[in-house]
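Sharing a structure below in structure tokens format, with a few things to ask.
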């Protein structure tokens, strides 16, 4: 509903606003587009890091779509990613269709399970809903291990790539496109009446019901969308790395996405994208430069996570919100003051 | 605005540190070796042992090969193929490794193989043994040839020893099974799946009746239900492969607690150095198939390792990593001798021309501590050749924490005893 | 039994909790007849320990609204402590046998584990959660959840860096032959550990019901502000709760050292099991954790017996999910709705 | 015409009977006051009607149709809305968005200009602050007005008000009475639970009295307030 309260913004940023982007966001995307062409980021390993970042970013956006707005943390999220990945890989392996088509099949299967989960978990709230999704994740991972005639279990399922050739660059642009697609679709939904319904249900179910919001319908829609994109991202993951193991469905992977989404800032969607890239780079650099002390990067990660949650629970989104709030305050004061303020900075 | 500036400064620092990393080359002759092992994650223990053992081997060579200084760059595979590929690409591009060495997980191998071929980095002697690697390797020999080599053959090739041994024990009257019922178990991993398939066929062919088949989770510790179930089936033999120290030792301990008194073949029991401190006397009379570690050199190595790092090394991860590193040094020396330089290209050439054709081998006499001889040939690729004179694992029986070879006859140190 | 109490029993039997407990007992008996009494013995022996773990998680949730994802790491702390107490003593005993010392060694280890676990709990509360309480109560539940994930990551990796990745365990506590129940053999260690679990549970129950500390904890659990108004040191009660919960986890860790050697990620399986239990019985339902522990143990034993290894998480998960659909707040849930539904 | 009619509505919570066999009706266009001592079951009765807690037994008719046990969102779209004794807004939404929720989802016919509709309702209840304020910053009095605007935004035919006037100052009481009267004048029927006699006497056409879950009186305001049973219920009987 933000477009209603920001109707006064006109011109270019107004048009951008209609598709959920701000000038700053557009600039950020442009940077992401150009980054792999500029040294030192044009090296293949950097592009791989960028791809990892984009995967997590896209996953965090779709995760935040349920967790941030509906208030239901899908703790089995990695299992939905994995379901999409495995479905896509199995179909493309067995029938030999292009992965570009099968990732959508994977996404649909994930979405299907999302519908079921949404319906079944309807009566559950709070921690019970979280744990319910978690159990679905654990059960899926168990199935993935045990149904080895289909998934090859722990042997790992190999999948074909999207592109021939050795460069990671086309993969990067593909996942970037998926990420932007995810963000735009989910962002537009949040801006529509759907978003209003999600937020109403997430904040106060009973009040939402007495205001006429149909909780079943919107919870299921939300879950379906979130899981659809999880499946889509999973499909990319499989066809990019070329191998899938049941570990992909592990709770640990959910935690990785969840941490990014929360550091990015709850119910912002874009926060996850902003947080993901620097975070992945920092983690990889830490891991690589402290390779004599394996695990110390994870300790730093844990300390950072706790510190964020205790001292800055709003995450990156809060940071930018404060920034714009300060900017507005300074522009609303007299021009003279603003000038001195600018000079002061 | 101040915050934005800080953010910008952070970004600049980040990119600076990256560029510095790239520009860190020096004039000295250096061979950068990317050692890969799971240093964090569930298999970190194994990874650590691989790392320490390989480092020992290079230290013994003074960290020099000819006039080249050896620089070991450790790549943490994190037990995750996706993360491993990221780390690998970074190691190649940013840290400039010229050759890869070792590895543990087969899933990691599958993902990293493509990178090795892509960057034209020969990656030698990955330990992870499962057949998926062979399948992938054999599916595109041109692409992977010389870029991926294993130091542990697929388990099916070596396991036939168990059946030969059993037939022999029965024939000689030492083992009188009351029936031909066997229980088979395996860890639920790529390795376990592989060995399980092999064992099923092997016992089936030898006329055994398989009364139970179970896959065990990686760090499972509760086996009372399973063991009591087995006990009811009254098998004459329990056979399994389970490389997880916690799991296999719990299984053995609890099998004695519930009173399951049948000969047990616990393949993988000895993989972790500390197995006896966990299993204790319950492990007496269990059978295992493991790298010999029988020669004086091997014992000296194990003693050295324990002195240096404080815990007992495992012959299967540490020992093999040590041997692999030694064999690598041999290959590298030959490459230097032949071409006068050490880089990816020269190493690969020697690997293709001499190692894979069987010209370079590494045998017990030269100091190999785990097997009789490492040699590769056209048929065995990407595995080492298997045979009593090549890569072969003896069957040993434990008593009071010591393993004694009971088969093959030629190597036998002790008689086989059936548990009473 | 008079009429009113029998009516109450019948009323309870008709409730979801009653039905589930009855079904569990019936299943246990049926399976025991079919597969032999070992099912029952195994269920009892492992159920006690899971109950002890689950009590801790449940207590933290009931009193402080913290859903502890790091509970398994306190289990790990317990097993590590017990190892470093027991192992030197056992080494010493190898050289100089001493019957009394060898009898008391495991007890020292287990007690030490509980104490160190409790201290670790207090430290956690003071350094992290007290800070969060002071600063920010908004989104408490999820913030705490994430923080405990952070604690988990830190503790696992610190263990790895400091104590290494080796498996630090003991062969057994007392080197004596197994005890036989009919044709089922159970090691003495297990029997003793079951005794410890039951004793701890009874002690805990006494503590909560009949001591002033227990009353304070219950008061804070019901209404923090109310408790503050009547002069209870709320922060002290929180620390005590944390100490109790983590102490129990560490006690479980120390007691199970013969089964779970200490290594960085040893806590994952106990954590999962205790979470299954509290979801099954309902959050914050401390008393329900005990039957819940046995139910989960039975689920897993039965699944292993009939389906084989590896299914023991899949099938119980599915069952719990089904139960949740019909009893969304767990089987022992009352009508009272509280914070965790938000 | 009866806009709402209940027949023998009973609500039990375990062993506790909160509402016992209450039958009453609300006529179109009137203001019916539902009064009774604390804990008498007034709010529970409203909940059973609005669908938040379906009745254990008994029937509810709305606009002549049986609606027993319908969910709150269906009741809302049929034209029944309610406010809460303790207002329950969406704390992270702005005031305008709060009202928009009800505007968008509570109306069966889509509203052409949602924002204008919502702003109109806020102006209607004379909401004192700007419309872009986050709800978590509001005080109780402001929240009550917001809640009323939200209830009105779904264009109800019948509005259930739950102690709207409690906790208000003398001046604010005057305002709220005027607003409620204004609402009735737009053709909305009102069923209000109230304690404050000033509001009741000023507004209610008829009263229904509930005590310990039972309806003890129903009728025009003047008559009911003189009913000895009602006085007894409020003051209590001195038995010893």
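Note that the chains are named A, B, C and D in the order they appear, and that numbering of residues resets to 1 at the start of each chain.
Following the convention adopted for this analysis, a contact is a pair of C-beta atoms (placed from the backbone, for glycine too) under 8 Å apart; a residue touches a chain by one contact, two chains touch by 3 or more.
Chain by chain, the UniProt names read as follows: A, C = Branched-chain amino acid transport system permease protein; B = Branched-chain amino acid transport system substrate-binding protein; D = Branched-chain amino acid transport system ATP-binding protein.
This is a predicted model, so every value here is computed, not measured.
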{"item": "Centroid-based (C-alpha) most distant chain relative to chain B", "value": "D"}
{"item": "Centre-to-centre distance between chain D and chain A (centres being mean Cα positions), rounded to whole Å", "value": "42"}
{"item": "Between chain C and chain D, centroid-to-centroid distance (C-alpha), Å", "value": "47"}
{"item": "Whole-Å gap between the CA centroids of chain B and chain D", "value": "74"}
{"item": "CA centroid of chain A to CA centroid of chain B, Å", "value": "37"}
{"item": "Per-residue multi-chain contacts in chain C, two or more chains", "value": "157, 160, 310"}
{"item": "Two or more partner chains touched - positions in chain A", "value": "145, 294-295, 298"}
{"item": "Pairwise chain contacts under the document criterion", "value": "A-B, A-C, A-D, B-C"}
{"item": "Residue numbers on chain B that touch chain A, as the complex places them", "value": "1-5, 10-11, 14-15, 17-19, 21-22, 39-40, 44, 47-48, 73-76, 79-82, 85-87, 89-95, 106-107, 110-111, 114, 118, 130, 132, 136, 188-190, 192-194"}
{"item": "Touch list for chain D against partner chain A, complex", "value": "50-52, 71-73, 76-77, 81-82, 84, 88-94, 96-97, 100-102, 104-107, 114-115, 132, 150, 154"}
{"item": "Residue numbers on chain A that touch chain B, as the complex places them", "value": "39-41, 43-46, 48-49, 52, 145, 148, 153-156, 158, 166, 237, 241-243, 245, 247-248, 278, 281-282, 284-285, 287-289, 291-292, 294-295, 298, 319, 323, 326, 345"}
{"item": "Touching residues on chain A, where the partner in the complex is chain C", "value": "73, 120, 123-128, 131-132, 134-136, 138-139, 142-143, 145-146, 255, 258-259, 262, 266, 293-296, 298-299, 301-303, 305-306, 309-311, 313"}
{"item": "Complex contact set, residues of chain A against chain D", "value": "1, 4-5, 193, 196-197, 199-200, 203-204, 206-215, 267"}
